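Below, chain A partners chain B and then partners chain C, in two separate complexes.
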Partner chain A sequence: MAFKFRREGSDLAIYISGVLTFHQHKEGEQLVYQITTLVDSGEVTAVRMNFAEVLRMDSHWLGVLIRILRRVKEKNATFIIEKPNKDICKLFDIVELSRIAEIRP
Partner chain B sequence: MSFSSSSSEDIPSEFSRAHIVIVDDDPTNRVLLRSVCEKLGVGIIDEAEDGIAALELITRFQPDLILLDIRMPRMDGLELMRQLRANPTFDSLSILVQTSLQGEDDRVRCFNLGATDVVSRPFHLGELKARIKAHLRSAISSRVLFDFRNRIQAHIEITHAFLDAILPPPDKATELAATYGLRCSSVYRPHDEIGGDLWSLRALDDDHLSIVLVDASAHGLAGAINALRVDCLVQEYHEELQDPGVFLNKLDAAMAKISFGQLFAGAIAMTFDRRTGEVRYAGSGIPFPLFVSDGEVSELKTRGLPLGSGVVSLTTATVTLKTGDTLVLYSDGWSESISGEPAEILSKANLHRSDLAESLSPEGALVDDLTLITLQRR
Partner chain C sequence: MIQKFGLLKYEQTQAAEKALFHSGNLYAALMDRQALWDPSTIEKILATFPKGHIDESELFLILAECTANAVLHGQAEALGFHARKRSGLLLLSFFQIPPMMHRIAQILSLARSGNIRECTESLPGGLGFPILLRLVHRITISTDYTKLQLWVRSK
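Take a look at the complex of A and B:
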């Protein structure tokens, strides 16, 4: 997997690609650290994660998303997930992620 | 690994724990080779006069390196190599052949029989020393890796035993379910040697049977540790299983307290009443269980955030099983490993097989831990 950050004012856009499974747990930790550092500093008030290039995701990465989400919410910032594929949409549906995050097709 | 030096000659201190066996029928050669090894700081040096004596020493002590002569009485060096390489234990044993045979064919023959390297006689001491050093370094690195692999393997086996102890053996599960009027079949296949799925079947009282399926985050050792942690909580709260929603809400809160943001799990909990056929259920973060009645397959929608997030708020739903109705509970390892939709596969299956779960399980490699449980009211 790979991810790229792009800052647009106080918005942070993250473009993720590849497969997100437990085997990418180090990258997950890195992502949590980088996003929470920016959110904690107050520089970022909106986080957008673009999933257009994500092929597959497992329950470990749901945990990663929830950790990021929690911190973003604690700081009253907004969190948006963009363009997840059909299988990932199904996973988000099962876990009702839309209850706590905005998901844009 | 890194090697540290103990002298100006750049001799790794690890050599003091190395073991070399010199195999040569000529005492003068043995003295010379021993002297070279001693100068390199090699800790254990053994000698053998022929292949038979060497084979006994090598089999007994599994040294790091063999310095091997070819022409010897009783058993020559070629035969010794043949016998050693025929034994998988000595697959990676370093064998440095020292020979006066100069022909290319002779050297090729040595390599074909398993020599790691060949050095010519008469010796150039500098070259001989350099080669012994190189092979010892490699042998020590291999030994460190081998020891590490064995330690990890032992950890995996112990964890495997822990998991086996908490998972219901399929025949016991079938037996227990039968006393409640259910035909139960199950498959549990971890993605690695051990996994993070967990399921249980427990008698709550004479009329109620509970089923819990948990898919803890991570695979392998980490997944197994998570599954064991969740199992402790499942046991602590199992009396709450009369109301599966309450049970899972409590599990979520308890997991959030101990997880440090690292432990998440999808789970489904059900309670079956054998008098009425009523199933009370709740689920969170796990694929929807499937319900088959009169040939129609439907999903029991059980949406919710993964347990451990600390904000799960589930309510219990109910469905009633008539005789012949079937429930299928599974972790995402099943849906991700089959080609096609679970409901579609189920609609084509012979639901009356006693090994239904096995028959639905895919062959070949998995992408995740797989647990599949089928329950049919008899």
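Take a look at the complex of A and C:
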């Protein structure tokens, strides 16, 4: 897996790729830390996570997303998940993630 | 025929072969701890598993969740996995060495009784079982805590 950050105005866009499982738990911790640091600076009003290149994901990474979502909302910023594939949408549907996060096809 | 991943001890192989062997097996695999921590192991199983019995995305989730349970919460040194048809259902069975901790029954029970939103918020045992319970017909644990069995409605 890999991720890269891009500032797009006051938005923070994160482009993730690959397969996201518990095997990449260290990368998950790193991602939470990096996003938290940037959001805490107060310059970011929206965090957009682009899933177009994510192939699969497990519940460990759902936990990572929920942790990021909480940190972002604590700072009154917006959290958006963009372009998840149909398998990942199915996982989001199971846990009803759309009730707490904005998901854009 | 069991597909083996990693360097397995003789006793582990013997125990797993005894537990996993069945003439009706569609697939069987055995992994050592290092292989459980290797993300390519799941991809290799997905590539080899006979097609047409279960959606690949569902099999991926089942393998990822059960492997995570075994290595993160169960301190598994080896994990066997086999699939066969039983009573019109697809039985996916995970055999763990050493056996699972008894706490797993409580976590499964909690996941069965609670709704997924509660699990999302307080994370008792994580989201793994709540997700698995939505994907499969039934989940059972053998009385000796060596096997976690998932019963899936066949495609």
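By our rule, the second predicted complex is superposed on the first by the 105 of 105 C-alpha atoms of A that agree within 3 Å, B and C clash if a C-alpha of one lies under 4 Å from a C-alpha of the other, contacts with A are read in each partner's own complex, and residues count from 1 in each chain.
Criterion: a residue touches a chain if its C-beta (ideal position, glycine included) is under 8 Å from a C-beta of that chain, and two chains touch if they have at least 3 such contacts.
As the structure is a computational prediction, the values presented were derived from the model and not from experiment.
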{"item": "Which of chain B and chain C A:62 touches, first, second, both or neither", "value": "both"}
{"item": "Touched partner set for A:95, first chain B, second chain C, both or neither", "value": "both"}
{"item": "Chain B versus chain C as contact partner of A:24, first or second or both or neither", "value": "second"}
{"item": "Chain A positions touched by chain B in one structure and by chain C in the second", "value": "21-22, 58-60, 62-63, 66, 91, 94-96, 99-100"}
{"item": "Parts of chain B lying in touch with chain A, wherever the complex brings them together", "value": "215, 217-220, 222-223, 261-266, 284-288, 303-306, 308-309, 311, 332, 367-368"}
{"item": "Complex contact set, residues of chain A against chain C", "value": "19, 21-24, 56, 58-60, 62-63, 66, 87, 90-91, 94-96, 99-100"}
{"item": "Of chain A, residues touching chain B in the complex", "value": "21-22, 25, 58-60, 62-63, 66-67, 70, 91, 93-97, 99-100"}
{"item": "Residues of chain C touching chain A in the complex", "value": "37-39, 42-43, 57, 60-61, 64-65, 67-68, 71-72, 116-117, 120, 123, 126-128, 130-131, 134-135"}
